[in-house]
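In the two complexes below, subunit A is the common chain; its partner is subunit B in one and subunit C in the other.
And now, the complex of A and B:
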């Protein structure tokens, strides 16, 4: 009788045990690069945006997170952010 | 049989298989699989150098990111070479590159990116809230979730919070990036 409850309970607590940590962006650094050539492709020639985020979790600990975007990905990111700005203004 | 290898019908399939293995990271496409599926009448000893030749040609074209003029010149030279390719085969290779070029290039770009890539982005804006008991008004907040991950690895989800001031600050930085891109993309 207890077993299904125990199994379910651990599923539920498993979900609530690790809430998504909302972090604050402390710093935003960026670099626009051009990949020219590589061992697998002599003629790469593609531009990319490299981003370094410094994020602080609620305890104050700051971590670095970096990632790359292609130009179309960056433009989508920028477009979405403009939308956020437009929405937050009206709220 | 040399005649079997000169046929152009199975070549398209062969190039697809080669692209899957060489560029798109598909495991398990062996020499033997390609031979038995596409050139069953040909012995492995004869097939092997033929496969190597086609792989070499495809790699050269992809590595140089050939445009159509370069491609025509390159393939014509291959048809004139001793032990090169036939005109029919050149036509098949040309057609293949034209239709698969973008996808192959994308795979090559991904292969040379070693930092995390941006896999997904979602956001919401939480509105103003007020409490009867508290004078403090919660100002609107934007919450953005970024999904980032390295090639072949699981995603990491980054959840960021921005107030209006921060949103505008970041927007300014992003517009600087955009400006840089425009400068870079301007014809010389």
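And now, the complex of A and C:
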């Protein structure tokens, strides 16, 4: 997978280079699930979103991180990303 | 019909939900050639009493509640004994001993019985008085039965929510912080204007699995302009389609989300 380096041509030196990224989000996978039963509740309708993040550190090593959110938490998560997108586009 | 009595095993009533943790072939069945018709459950300490039916000993232990000085004491004990940590809590044991003037052993049996009773009501989602009353045997003290039924009815939804919040899951996202920066220069580029986003997610593992280590960890990632924030439209439209099954809260937000999505993409 190609690293999404940002190539910038410096106006003064004419060199191309890429700013180093800190830990970079390489992949984002998600799943919407519904818990139907558990050892504490025989009958459930519990929706949740699980997410898998793949993060590459500067050396290139990729680590996985998984976590879960309730639907309200996911909606907040989504709202935050929408704000980030809005800010990045206008900056 | 199992005739051998094994002190480690308690017989469940036929027709009760089997306890997957507890199903084991009887170790000391006298008539080994006979198939075991009845479901057996192993009494374990701690939380595994959630699904097991209450035994005669449990109902006998509940009678200790008759020594309570007020209905509030009973209510308090029901609430305290629901939580997973209740059965092992020394503090709760001491409080029970003193408030009911019972021995340690009686208090322990009472708390275990109350824990099982409350958990069973939550497991089966018993939301009517009739259903809860049906848990008790015929000869159980009428007033106590009515009081316990009333208390359980009051708390069953709260307890269900608590149980769902604490059920097994992947680590949970507890916080999301972000910051948008503009990189203006670096050792390799003298002038630039590269927006970048730093995202920090705080994730909580199951504390009981972490031991002494802190259960919350932070994951910090950087997103750049070339990587748009994750495409979430797939998730939100799926949530909208699962109309019948998704929670009411999710549904009410869907129209708003779809409108916002149209702008985003």
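Keep this in mind: the second predicted complex is superposed on the first by the 69 of 91 C-alpha atoms of A that agree within 3 Å, B and C clash if a C-alpha of one lies under 4 Å from a C-alpha of the other, contacts with A are read in each partner's own complex, and residues count from 1 in each chain.
Going forward, a contact is a pair of C-beta atoms (placed from the backbone, for glycine too) under 8 Å apart; a residue touches a chain by one contact, two chains touch by 3 or more.
Nothing here was measured: the structure is a model prediction, and the numbers come from that model.
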* To do: Answer with first, second, both or neither: which of subunit B and subunit C does A:77 touch in the superposed model?
  => both
* Should A:23 be classified as contacting the first partner (subunit B), the second (subunit C), both, or neither? -> both
* Any idea whether subunit B or subunit C touches more of subunit A? -> C
* To do: Determine, under the contact definition given at the top, whether A:65 touches first (subunit B), second (subunit C), both, or neither.
  => both
* First (subunit B), second (subunit C), both or neither: which does A:45 touch? -> both
* Which parts of subunit A are in contact with subunit B and also with subunit C? -> 20-25, 28, 30, 32, 34-35, 38, 40-50, 53, 55, 65-69, 71, 73-78, 80-82, 84-85, 87-88, 91
* **subunit A residues within the subunit B interface of the complex** => 20-25, 28, 30, 32, 34-35, 38, 40-50, 53, 55, 65-71, 73-78, 80-82, 84-85, 87-89, 91
* Inside the complex, what are the residues of subunit A that reach subunit C? -> 4, 6, 8, 10-13, 15, 17-25, 28, 30, 32, 34-35, 38-51, 53, 55, 65-69, 71-78, 80-82, 84-85, 87-88, 91
* Asked: Along subunit C, where are the residues that touch subunit A in the complex?
  -> 17, 20-21, 50-51, 119, 122-125, 160, 163-164, 166-173, 176, 178, 180, 182-183, 186, 188-192, 194-199, 201, 203, 219-230, 232, 234-236, 238-239, 242, 245-247, 249-250, 253, 257, 260, 264
* To do: Can you check the complex and tell me which residues of subunit B touch subunit A?
  => 62-65, 108-109, 111-113, 115-118, 121, 123, 125, 127-128, 140, 142-146, 148, 156-162, 164, 166-168, 170-171, 173-178, 180-181, 184-185
